[in-house]
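Quick notes on the structure that follows.
Chain naming follows the written order as A, B and C, and within any one chain the residues start at number 1.
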Amino acid sequence: MSMLDIRNVTKQFGSLVAVNSVSMQVAAGELRAIIGPNGAGKTTFFNMISGFFSPTAGDIVFDGTTVTKLAVAERVAMGMARTFQITEIFPELTVRENIRIGVESALGLRQRFWIGAAQKAAVNRGIDEALILTGLTVNADRLVGELSHGDQRAAEIATALTLKPRLLLLDEPTAGMGEHETYAVANLIRRLHKNSAYTIVLIEHDMRVVFNLADKITVLGEGKMLAEGTPDEIAANPIVQEAYLGKAE
Amino acid sequence: MLQLVLYNVTNGLIIGAFYVLMALGLSLILNLSNVINFAHGNFLALGGYIAFVLTPFLGYWGALIVSPLITALFGFAIERLMIRRVYSRDPVYSLLLTFGLAFIMQDACRYIWGPSGLQTSIPDILSAPLSADLFFITWYRIFMVALVIAAVSGLFAFLRFTRVGIRIRAGTLDLDTVSILGVNVGMLRSLNFAVGSLLAGLAGVLAAGQVGLNPNMGDDLLMPSFIAIIVGGVGSLTGTLCGGLLIGVAGALTTVFWPAASEAVIYVIMLVVLILRPRGLMGQEGMMS
Amino acid sequence: MSTATTTAVTTPVMPARPWLTTAIIFAALLTVPVWLPMLGGYTALAGRVLVLGLAAMSFNLLLGFTGVMSFGHAAYFGLGAYGAGLTLKYIAPSTPLAMVGGVLLGGILGSLFGRLIAQRRGVYFAMVTVAFGQIAFYVTYSWDSLTGGYDGLRGFSRAPLNLGFTTIDITNNSTYFYYFLLFVFAVATGLQALLLASPFGRTLVAIRENERRARFLGIPIERHIWMSFSISCCFTALAGALYALLNNFADPMGLHYSLSGEIVIMTVMGGMRAFWGPLIGAALFVVLQDYISSMTVNWMSFVGLIFVLVVLFFPRGLLGMLQKGTEK
């Protein structure tokens, strides 16, 4: 059974059809990349999956449950986590505190006014785990707002990972990064996918990253699905080349 | 009975007209600059006092025109000197700034013109009642309502047909895009603040003719103006207009049947709107959040 | 919700040496009856500082630690005062019961109202809270038969504390009463500190820092803002109850929005990102106001000027600046 099953979703804003009847199935453990030119509807598509808004038509099934109309918090509780194109973190807190908030939320402690030693220890274990997984241990006690772009992104991913998500949604994880940082973040994603078997869906502009990481690629153009396949299939697909390069006349 | 109802509806319309002038100015500033101008009532008082000072030189009609313009100029200066410095900061700072400004302006009026009320004179032709039966409808009241209607129409025409007005409306919807298109957002906000102050100044001149002048004459209008905006829906000037008239008339009609509750009714209206229709009568979804 | 990218003013969450600041503050507060008269102050002034300081710190749970701006907190302060006064006058001459009465009145009404507004943000939140505060003001002011209307509620006084084994006379002995205030203040702020250090407290800071991230970590934002608002109202109402005990009087102006503004300026003056900031701000404000109003009838201008100067030149507040200083 697929982890994520999207059936003919459409999103209209007034008369603008941002996403037009797109379907997509992502298997457990798969890394799926969504690509497409600007204005293809990628982010809108993403926002419907994560629950930012509901589709106008169609259904989204997550791990066997229809989540089409569910609020963000409910999807998070079911195991969906996401990061954003512009890194969303708690800038005036340290990396550790950023992660702590996630761990406590994931452990269901977020409305507690008091926690015991055992629970504190469990929280600290969760924090260390996320720090190690993302390689942020050395920066743990620095304010996130002071970190480099790439480390801020890693911190955001670490915070999302505290939820132990069964589906991780990454919106342009390497946006606005230099060569080194892109490489580091791509490596992190690869580790999460290969070593920890996370199911990941990501939007990405950097084609080297996409073709290196993805198991399968979905191509959107003008709100429609243009193609779907393995990196090799997509590279060879004339429709995709046309969408990206224009008609070769 | 009919006369009593009519009397109170007239009162309500006139109070509503003041609410509308105040609330439209507040709303303009709120929508474009995200600032609640706690000093707006003091701009109103200032308009009244300036007219009082000018009348001996310019006559009633001259002061009526010049005083709102001076108030607008004052608003423009205040925006340039102070308020613009805090746009980029947490909104709490702009609120505190206008709050402090309100204290200073009120005290300044008290210092200059004295704490007690001042009577202002209006031209004789305006002070006569319409007829003996309708003794409560003076020509002044009709003139006032007409002028408010003219000012409100003028404002809407300004926003619809002039370049600055169109930019103000566009900026209300999406300031980033407007600034990318090369509009001087700083100047736009200053002008917008001046227009808001102009309306307050005009309300001040008109109110002075009706109830006289005192340093805190605008205070009683501030809270109903907030409520007019909340009831009408934040982000919608038409909503503010309707909200102001609604609470003005509702308050006056309540006076007929249950005088003690006349002030309470506007708060009740606000609560009902907040519970049943949180975005206000004409507010857009999401504007309040 | 403002994040650091839109706020020019950023400060660290915890002071560099929290225990040191706390120790200094309590050392100063405990010795007030010794040093204040030497400086020409009177103990009731220190009582005012404690009470308004507690109100500002309670308010700051919202502004500084949840990132939500209420501009109508005087309402809960005033309701707390009337709750205490009415309890003493009509129910029982018991000081602890009066405090419970005050907290219940302010807390319950605040919580009900908070429910209506939790999805609002920024200046709109401020505007609706101002308007609601004026409802409370208006009702108190008009309900003559119960509240004494414009003249305020009189005819009650705080009762001696009966601890079972002994009775403490806080009615006539102002020093005893000061220490009673300080005890309540210490307990209340201690609870606030625990709250902020708890997982729930951290979710509030998370909401302040980045609402979107908090939402995508599964934190129910509206619910937590509502809870924060309700808790803040309870503590503010407690401060109001203490104020009624301090003056043996509850004043409708205690609910007016001008007091709300003063609570906000105290908080900002002292430093809204520092735990003790609002207390320091309250001390500065109360002393300045006391001094200025004894010097000139135009004290309002000076108070207004304090607002403007703080906003334009000292937006971080006193503790905010000190913290930044020690960091470098």
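Just so it is clear, a contact is a pair of C-beta atoms (placed from the backbone, for glycine too) under 8 Å apart; a residue touches a chain by one contact, two chains touch by 3 or more.
All values reported here derive from a predicted model rather than from experimental measurement.
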Central chain (by mean CA position): C
Reference chain A; chain at largest CA-centroid distance: B
Between the pairs B-C and A-C, the one where more C-beta pairs touch: B-C
Distance from chain B to chain A - Cα centre to Cα centre, in angstrom: 49
Approximate Å spacing (C-alpha centroids) for the pair chain B, chain C: 32
Distance between the centres, which are taken as Cα means, of chain C and chain A, whole angstrom: 42
Chain A residues within the chain C interface of the complex: 50, 72-73, 76-77, 81-82, 84, 88-93, 97, 100-102, 104-106, 109-115, 143, 145, 156, 159-160, 162-163
Residues of chain C defined as touching chain A within the complex: 3-5, 10-13, 194-195, 198-203, 205-206, 209-210, 212-220, 224, 227
Complex contact set, residues of chain C against chain B: 2, 6-9, 63, 69, 71, 116-117, 119-124, 126-128, 130-131, 134-135, 138-139, 142, 257, 261, 264-265, 268, 272, 298, 300-301, 303-308, 310-312, 315
Complex interface listing, chain B residues touching chain C: 30, 34-36, 38, 82, 85-86, 88-97, 99-108, 110-111, 223, 226-227, 229-230, 234, 260, 263-264, 267, 270-271, 274-275, 278, 288-289
